[in-house]
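The structure appears below as structure tokens.
Per-chain residue numbering starts at 1, and chain names A, B, C and D are given in the order in which the chains are listed.
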Amino acid sequence: MVGNIVLNIQNVDKTFGGLQALSNVNMQIEEGKIHAIIGPNGAGKSTLLNVCIGRLEPTSGTVRFDGEIITGKAPYEINQAGVVRVFQTPEIFPELTILENVMIPALAKRDGAFSFNPFKSMSDETDIFKEAELVLEDMGLIDQMYDHSGSMSRGDKRRLELAMGLVQRPRLLLLDEPTAGMSRADTNATIETLIRIKERGMTKVIIEHDMHVVFSLADKISVLAQGAIIAEGAPDEIRGNPKVQEAYLGGAH
Amino acid sequence: MSKKVSQPNGWTRRSVLKTGLGTAAMAGAPMFFVRNAHAFTNDPSSGSTVTLGFNVPQTGAYADEGADELRAYQLAVKHLNGEGDGGMMNTMQPSSLKGNGILGKKVEYVTGDTQTKSDAARASAKRMIEKDGAIMITGGSSSGVAVAVQSLCQEAGVIFMAGLTHSNDTTGKDRRKYGFRHFFNTEMSGAALGPVLESSFGNDRTAYHLTADYTWGWSQEGSIKKYTEALGWKTNAAVRTPLGAGDFSQYITPVLNSGADVLVLNHYGKDMVNSLTQAVQFGLRDKQVNGKDFQIVVPLFSRLMAQGAGENIKGIYGSTNWNWSLTDEGSQAFVKSFGAEYGFPPSQAAHTCYVQTLLYANAIEAAGTFNPCGVIEVLEGFKFDGMGNGATEYRAEDHQCFKDVLVVQGNESPSSQFDLLKIVEVTPRAKVEYSPTMEGYAGDLGECVA
Amino acid sequence: MDAIFLQTLNGLDKGGAYALIALGLTLVFGTLGVVNFAHGALFMLGAFCAVTFQKILTLSKKVKDESITFFDAYKEIPYLEIWFGDTGAAIIDWAVPLSILMAIPVMLLIGLIMERGLIQYFYKRTHAEQILVTFGLAIVIQEIIKSFFGANPIPTPAPDVIAGSANIGSWIGLSDSLVYPYWRMIYLLFALAVIGAVFAFLQFTTFGMVVRAGMADRETVALLGINVERRFTIVFGIAAIVAGLAGVMYTPILPPDYHIGMDFLVLSFVVVVVGGMGSLPGAVAAGFLLGILQSFASMNEVKSIFPGIDQIIIYLVAVVILLVRPRGLLGRKGVMED
Amino acid sequence: MNFFKLSPRDALLMVVFAAVVLLAPIWMKPFGAAYPDLLQKFAIFGLFAIGFNILFGLTGYLSFGHAAFLGIGSYTTVWTFKLLSMNPIPAVIFGTLVAGLFAVLIGFVSLRRTGIYFSILTLAFAQMCYNLAYSVLTPITNGETGLRVLRDDPMLLDKALGVVQEGSPIGSFFGINMRGYPAFYFCAVILIIGFFISLRIFRSPFGLKLRAIKSNQNRMRYTGFNTRPYLLWAFVISGMYAGMAGSMLAVTDPLAGAERMQWTASGEVVLMTILGGVGTLIGPMLGAVLIKYFENIFSAFNESALHDMFSFLPSWLETVMVTVVHPFVGEGWHLTLGSLFMVIVIFLPGGLVEGATRLFKRRKSDGVTNKNSGSEN
């Protein structure tokens, strides 16, 4: 039983100079599911995400979101369409407070790509404030929300990064190793959060190294090695797949 | 700041406050006088001193010239207050000066930096008028600044005695009732240079002009063209160069092939030092064109600029308003006084500024009032002598001084470090006079209101 | 034809000067990441090295001019001439080229003092603050020079034998009016030599290799246990020497005054940016490009078609190039883009 | 309190600011700065810097060509005087709008690049404006001499309404001549309005987005924002501030000169902003006041004035003091300015406002969490 396809990656190739980063990748992401992409270092996972959010243009192939081609569109258009990425190395606004960091994406969701409202006051934006507060509460950042984000710990920055993605309530959330660099406790907290928000009907694609995370979250797993998909299926199918084991043991150094 | 007795009253003469808005806003602000029939800006009658405003370039390219102007002003103030040897006060004819200040009031002064920019110069002049209570503004070393400050002084009802400004416009189409210029202008330079160029270089010459691309440059180019073409010279080209170009080589190379045999550099200050140095470097003066020696002419000279150009100035013709080597009684008295005070001779800018200050003070004494309208009346058509340029007249129609003009040549073998310019000819006043309504020169003085 | 030839030569000459003046600036950008608004002041200090050297050589016995009684007027005879006769006069004549010997150690010292005493504390500060502090420094240096030497330009002629111009036309069998000043040709050669030396130094020495690696990725090089800081200090010293030499050699072309550095500041920034931030070859290419275009834009034939084009050509070219090539001619991504 | 939709703290700031500006003629007196022209300059350049800060302080884009808009504002204003009316209202409106128009064009092109490449593009445009205005555009700008209003100019609107002025033409606000203190108050009111607008922009979502662009423009794109129009708006707004400041220069003194557009003038507003504190609300204003104060007051001290000033000291000490101080004032005022730049940036990182905030914080440190980002003061 296949649900509604949200993201449809079709025959995507990407070469850098002579290097084949992605070769003929096909992937369908179902609505409301958590889809994990795993694979050894340099398998092309991040490249694939970058193609999906418009940071890179594929050499050939298309990516469709809700049936519409999004390859070649500007990153902000893709975001506005409902595809949001959570970055691996935190890409936050270090000069702003934690609260402001979360209000910015909330404003993007409400105002669209551009709106000129120099005479509105931020202190009147109670809706935005409440949304941000809610997400920060979820992420356990509420106590420090008036602090500068630049001086946070790396783990906190990762959680802030996640909060920034969640506050936009995207149709599709792309998570690039959401728990990398986190302590065990933080990782567990993050997994719990992700499970908790699973019910909200947000589709997610997760790139993850931590198999514990993958197997406790994912509905479906795709395995990428050397730019190609070598296996796809439910967690249990992947666990025992010899090809995957080979890729992990033989492909990675 | 100098101690001031009279309260500065701002630009009050013609300002009439009609609405309550202004009055309300004025609460607590310095008293705002309403015009009355006899008041004029910064009337010093009630105090014991009178303040003059010396507005000279203290930073930028003309800072040395400005410093020299300031020295001359300080000397003039000394002399007016009866200190020192009196300088040209002893030679000025006729003179009403008494050596006890002006109308018995001690002369004080304030200074400011024009930066050789119109905006800065006007801001500085306004400060002197609004804050320091200056009754007269003088100084400057470029025409743009002179014209800008002159029109400001007209609005403020304060007399402006121009310093170094050579453009025709200052007393031409931008002339003002409150503005007076002692310095000569491009028209006079042309008229004086013409005959000398003719006798030195003949009638069959082709000139190539390099002209600073702004008002003064055009004014000078026009005047020199007019007088050289009258001699039968041809003008090969007149090329405009950007102000402060620094390197003029790209404008000099075309001269080499142009077929011209005279290069006229309508540049002043740093531009002139640079373009002359580079033109000489290009070997222009060693060239033979059309069977004649190639020549360079710099219509406006000053000793300070000659210093900057060094060897390159030698043998080059130009004109100047005054030079310290003049031997008349007035010049000698001034050079002596200035030299004793500062240890070196005054520049032409210093001379003009000194003379302007004395002339202004003298006009007040003669008029018996500080009221600018009275002073203007005396200055208009004022004839005097003994100030270094022979018999001189402030023409009433345009407030331009008419006097002898010096044609000079860079000294080939200077006898001292100051002996840079050799006087070739003193062109008599009659030869440089022209009509105040000449085409392109006519202007409107406006009225004196007080 | 002659005119075109001359203008091309003139353009190359200008270009050489522009490249040399901008070289140190782009070096400092590329290595230290510092926006140095005091670069013009370094150029000016170099020029005043020549002035000072000339002043020292011409320390003079003063013979009073007795005909003048109002003030002391002297005819000055330099001691060098009194002591050594014609040899002394010849030394004085060669003051500007000789002053290079003085300029190199002096400028190095100034560069090191500047970097250690001030610039090093601003590596991690914002560009805005770098601008403010170096601009303030430039003004202070300027004012100090002004208080010693006045505001008037000071003549610093080239040696007599090469003060005039060479008849290139007769050398290569073209028209006689094809002349060009010796000194300007020397300047061009000198510029090429200095540029070449800097390139060779960066290309072929270990020191240069480390510096180039540091330009590309400072942190990695530091991780290798190499003291990048100290090398960067020396780079700043080299930049100061290059700027200073550009200034020394320029004095016969442009009699220096205290403001000469400010006059070249904007130009050198434009050259560096058009070439691409931190790119040495870029700065050289941009210098020559702008020099030649400026030369041609000043021709009467061109000016009659586009009035005033010579006034704006440099800026116009800068705009066009930056729109066509986002990081200038040879700029690298990510340098000074934020 | 809901004072123009300001938070209580901002409302207080606004009231204090307005009071300080309006009472400047009184409290500036001990500093020797209480005369109309300098007060006007404070207000005008304060407005210029406040506007510049909306671009530079909020987005981090450093324009080196904002003086062009100042100049364009001035020229447009003088032309409006010449053609229409001596009333400053249409003149200021046209000046601001035309400057805004140029800002759209220049900004549209320049904003295609970032960092120093952007700076040089703006510099190039401004220098082109300056060079052309000084020379070949003289028929429009009157070149070196500067554009002035002449008595025989058409002034169509004034003629139609029968408004006649005696003497040389001067801006006239419904009968109040725009010189002296009335002109200062005119500038002061515009400055206060300008400051209010700037405050509102700082506190608006728009302002927050601009600050986020400064912090991490790339992230903004992936967060769903099209940053280009935001930047263009910021550029145009600050260009209009510059145009308005230029207009007011021409209103208080109807002469527009090209040198107003030179790179040094663009550099001056950059220095003002950095000196006071980039991205702070009142910093640019402070910087503008400080620089203009030095330019006008320090340059005016001459030796005799110094002797007067120190005359209360014993004469030997007086001589010593005069000798020590003299190189820094009068013709040496640049030296003071240069040293001031260095001292402030070395000892007060972030400029006057931020530096002062830090000093203040250090004194009462004890780990009190400040709930405001440092850039909001």
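What we mean here is this: a residue touches a chain if its C-beta (ideal position, glycine included) is under 8 Å from a C-beta of that chain, and two chains touch if they have at least 3 such contacts.
The shown structure was predicted, so the numbers you read here are calculated from the model rather than taken from an experiment.
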item: Higher-contact pair (C-beta pairs counted), B-D versus C-D; value: B-D
item: Centroid spacing, where centroids are CA-atom means, of chain C and chain D in whole angstrom; value: 34
item: Centre distance in Å when chain A and chain C are each reduced to the mean of their C-alpha atoms; value: 52
item: Gap in Å, rounded to a whole number, between the CA centres of chain D and chain A; value: 45
item: Chain D residues counted as touching two or more neighbouring chains; value: 131, 134-136, 334
item: Two or more partner chains touched - positions in chain A; value: none
item: Two or more partner chains touched - positions in chain B; value: 63, 67, 213, 240, 242
item: Chain-to-chain touches, reported pairwise for every pair that qualifies; value: A-D, B-C, B-D, C-D
item: Chain B - residues contacting chain D, complex; value: 1-3, 8, 10-12, 14-19, 21-22, 25-26, 28-30, 32, 58-59, 63, 66-67, 70, 108-113, 117-120, 122-124, 126-127, 130-132, 143-144, 147-148, 151-152, 154-155, 169, 174, 213-216, 240, 242-243, 444, 446-447, 449
item: Chain C partner contacts - residues on chain D that touch it in the complex; value: 56, 60, 62, 109, 112-117, 120-121, 123-125, 127-128, 131-132, 134-137, 217, 263, 267, 270-271, 274-275, 278, 327, 332, 334-335, 337-342, 344-346, 349-350
item: Chain A-facing residues of chain D, complex; value: 5-7, 197, 200-201, 203-209, 211-212, 214-216, 218-227, 229-230, 233, 237, 369, 371-373, 375
item: Chain D-facing residues of chain C, complex; value: 35, 118, 121, 125-129, 131-133, 135-140, 142-144, 147, 266, 269-270, 273-274, 277, 307-308, 311-312, 315-316, 318-319, 322-323, 326-328, 336-338
item: Residues of chain B defined as touching chain C within the complex; value: 60-64, 67, 213, 237, 239-242, 244, 246-247, 249-251, 253-254, 256-257, 270, 273-274, 277-278, 281-283, 286-287, 304-305, 307-312, 332, 335-336, 338-340, 342-345, 414-419
